[in-house]
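Following are the structures in question.
Next come two complexes, and both contain chain A; in the first it sits with chain B, in the second with chain C.
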Partner chain A sequence: MKQLLRQQLVCYRLQLKVITTSWFDGALAVFFPLMFATATLLIYGVRDDPEAMQFAGLGAAIMGMWTCQGVIASSLLTRERWAGTLELVVAAPTSMGRVLVPTTLALSTIGLYTVVATILWERWVFGLELRIESWPLFVTSVLASALTLAQFGFFLAVTAVRYRASWSLGAALEYPGWLLCGFVIPVATLPDWLHPLSWSIPTTWAMEAVRESAGGGSPWRDLLVCLVLGSAYAVLASFLGRQLVDSARRHATLALT
Partner chain B sequence: MTAVEARDLRRTFRTRTGVLRRTATEVEAVRGVSFDIQRGELFGLLGPNGAGKTTTIKMLITLLLPTSGTARVLGHDVVADVREVRRRIGYVFGGDRGLYERLSALDNLRYFSELYGVPPREQKARIGELLEMVGLTGRERERVEGFSRGMRQRLHIARGLLHDPEVLFLDEPSIGIDPVGARELRATIASLIDVGKTVLLTTHYMFEADELCDRIAVIRAGEIVAEGTPGDLKRLVTVGSVVEIETYGVGEAAVADLGAITGVQSVAVEERGQMQVLILHCARDAEVTQAALSRLDGVRVGRVGTREPTLEDAYVELVSRT
Partner chain C sequence: MTTLRILLVGGLMSYRAMFNWLSPWILIPSMIVSPICQILLFAYIGRSAGVGNDEFYVMGNALNYAAIPCLFAMSATIEGEREGRTLSVVLTTPAARIPLFLGRALPVIVNGWAVAMVGVVFGLLVLDVHIPGSSWPALLLVITVASASCTGLGLAMGAVALRVREGAVLGNVLFCLLLVFSGVSVAVDDLPGWMAAVSPWFPLTHAIEAAREVADGAALADVIGLVVREIGVGALYAAAGLLLLRWLEDQSRRHATLERV
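Presenting the complex of A and B:
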């Protein structure tokens, strides 16, 4: 147990180092979310409605975390393959999940940074002071978003690599996610048939928990659903991860050469 | 005791060509390979590009499933007991990929230590030891992206040894290393055998194989065509000895004349500046030097020497036989 914890911690720390020192990922994490937040606030700003601005401000904050996780996680294994490290990771007596989870947790950490950066940006550039009724509940909800997004990212990582163009899949997921998770428009305004899809993403519930705690409501029900859902994705992903490795060994897709 | 046991290993690859009309082509990369490697033995796998060496190794280290056939490493089946096999083996491949560019050498080793289950208490000492061994001490805090090819290769070797594996698979480990480094690497590989490790090595450098390997298998087009000690292989070929004669201004007619001597299998001419070196491959027990010199009457002759065929002579003959 102690060894597992240590392994997770070391992998987390080193993967965080890899991500933060990579120029493209860095730009993605630092500038993009601020641009998205800017666009969102400019659109909502037209209406001059403080309620709407509060809605958009909170949504934009979590949106950056979603983008960062979605885009990078879905290309994670492809990158490892390009770097030639995928074979070494697979050849190690440690399961794929134990390597991927610390990596997606590292992505979530960058995501947490974008939440803070976006909130500050909104305040300094747009003068938007988010109304947070309960800071402890708000922080808990944001942390839960980060955790469950990491679990969801693990799921994305093992499913996306099945397709050669996994990077574009990540990009393709990014924008529907904005709508489905209720970052920029309430889920209730989506067509009915899309609701089940929205509810199947843990981030939808996390977003709701964030809004509830900011608005003074109780986030607990949403948090519970979001954690259960996130864990379900993680379990599913570790099963799929094993299948993925077996299939790669059969079809010789671990290495590029 | 047998460390590695391969029985009739086969592997077919299916590749698709064409964009619109997709046609599947099958490549039989490995076609029924069997061999045994004893514990503490250094076994060489030699063969031309595309012969199936890497494919064979990848089946043994559980990265590829065999299409058919079985293999065991230290008694564990490579398909059924994957975890047991992985814990006991190390794998080093040639080339500069397979490292985290953004991390320092030290961080790369730390990362893989965790993945390969090196006990935390031993990590620091082990990493220090290995860095020293591959000559990277002092540069371990630099990022790998700034490393030369040889430095990366050394780091690979350190990585492969982190968890002190009992059996090592080295796929062209000396590629891209300078002569001094290659010599050190050979010493390192030899010292692994001294401490009881088992090594499977592939290389395209024949002197390296000759110097290091206890036994060698030559693989060609997915099949083993010869197996034995380097000495056995040299005896296997029909060349008994090689006579080298330095000449100045030898004509083509004279060369053809030499080829007609009984016992001479082939004559090759190598230009070396002013001089032409005649290389005569001779049958076993044939004495041709006198006959050759008498036919070169009138041509200025320099040094004359006879040497044993090298592993390279044997290899070239083995892989080019039809």
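Presenting the complex of A and C:
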């Protein structure tokens, strides 16, 4: 157990350093959603409706977490492939999942930074002070969102292992995630056939929990579903990861560019 | 004749060789799925906020997404030479610089136009967008001008990429600035004063306004002023790009940094 924790901590710290020193994964992962948050707030600001701004402000603050995870996690293994280290990761006695999870946790940490940066941006640039009824519950909901996004990122990372241009897949997931998770539009406004897809993403529940805790309600039901869904994705990712990597090794396609 | 060959054949060859997004595994997610999803995102935000209509967001975001190939493909055709270790060969050829680099811009303009059209056609088919048949010729022209104007910015970015090694980051930053400043999802009149003041200096601003008016039934003659201004802005960036290329090439030779990756 001690060895596992040490490996997770070392891997997390190393990956966090790598990500924070990368202009693409670090600075751009904060800047890109911040600009989309700005565009969104400018649209909502046209009507000058405080309730609408509160709704958009909360969602805009959280949506950057999706960018940090969805875009980059999808291409994690492709990056290892580019760097020529994918074989090492797969062949190491430490399972691939134990390497990927701290990496996606590091991505979620950048996501937490975007939440803080966006809240400050909203306050300083738009004069929007978010009304948070319960800060402890709000922080808990944001942390749960980060944790379950890391689990979902793990799922994205392993399922894209055979996709050589997975960075483009990750980039293409950005807008659908923003739409489906109800960050800046109510999920109810989406077509009915999309609702099951929305509610199958843990982040949708996390966003609901964030709104509930900011509005003074109870986020516990949403948090519970969010954590159960996130764990289900992690278990599925763990299983799929083994299958996909075994298949790639069997067909000798692991490192082909 | 040689100049024409460099401009057309050389440009097309460079575009095909350098822009690796032409693989369907990248092209479909990047240039079909993403523009459609961006349009949907802002159309739904607009509906939720009760601001604008579908046509407003389709025109703005379809043209905005044309910037992606214009910025990335243009810089790829310049930056790719450095990564392929062929930049010094290209720059030591006796070929004139203007046809050499402007030729690379022509396929990019077509690419940008096609991406914008994906968005417009999607809007027509799926969202509440109706464009009068008589408006199509003018709209196609406006989209071409928008794409050309963005390619001018892409040329300038490609030049800067000779010095700045983070081309992907730079392209995304410019794309985001266009999103916020060019009236893509918020009418320029609704932007804060200082943003509205700088907005006309960005590519796309005039073209988006013209496209919206044309889609509403305006004739080309009614928006010709906007179209001319868009061409002017694009030409300004293209000229700046060519000057920057010349200057940075000179600097790179002087400091022996031409092919430093």
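One rule holds for everything that comes next: the second predicted complex is superposed on the first by the 255 of 257 C-alpha atoms of A that agree within 3 Å, B and C clash if a C-alpha of one lies under 4 Å from a C-alpha of the other, contacts with A are read in each partner's own complex, and residues count from 1 in each chain.
Note that in this section contacts are C-beta pairs under 8 Å (C-beta built on N, C-alpha and C of every residue); 3 or more make two chains touch, one makes a residue touch a chain.
The shown structure was predicted, so the numbers you read here are calculated from the model rather than taken from an experiment.
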| request: Quick one: on chain A, after the overlay, do chain B and chain C clash, or do they fit? Just give me the call. | output: fit
| task | Look at A:193 in the shared chain and tell me whether it touches chain B only, chain C only, both, or neither; answer first, second, both or neither. | result | neither
| request: Tell me which partner A:6 touches in the superposition: chain B (first), chain C (second), both or neither. | output: first
| Counting only touches as set out at the top, which of chain B and chain C does A:124 meet: first, second, both, neither? | neither
| task | Could you look at A:35 and tell me whether it touches chain B, chain C, both or neither (first, second, both, neither)? | result | second
| Touching A:56 in the superposition: chain B (first), chain C (second), both, neither? | second
| Closest Cα approach between chain B and chain C after superposing, in Å? | 10
| task | Jot down the residues of chain A that show up as touching in both complexes, chain B in one and chain C in the other. | result | none
| note | In the complex, chain A touches chain B at residues 3, 6-7, 10-11, 14, 17-18, 21-22, 83-85, 87-94, 99, 246, 249-252, 254-255
| Contact footprint of chain C on chain A as seen in their complex | 23-24, 27-28, 31-32, 35-36, 38-40, 42-44, 46-47, 52, 56, 163-165, 168-169, 171-172, 174-176, 178-179, 184-186, 189-190
| said: Applying the document's contact rule, which stretches of chain C touch chain A when the two form their complex? | reply: 21, 23, 25-26, 29-30, 33-34, 37-38, 40-42, 44-52, 166, 168-169, 172-173, 176-177, 179-180, 184-186, 190-191
| request: Name, in rising order, each residue of chain B that touches chain A in their complex. | output: 13-14, 61-65, 83, 86-87, 91, 95, 97-103, 107, 110-112, 114-117, 119-120, 159
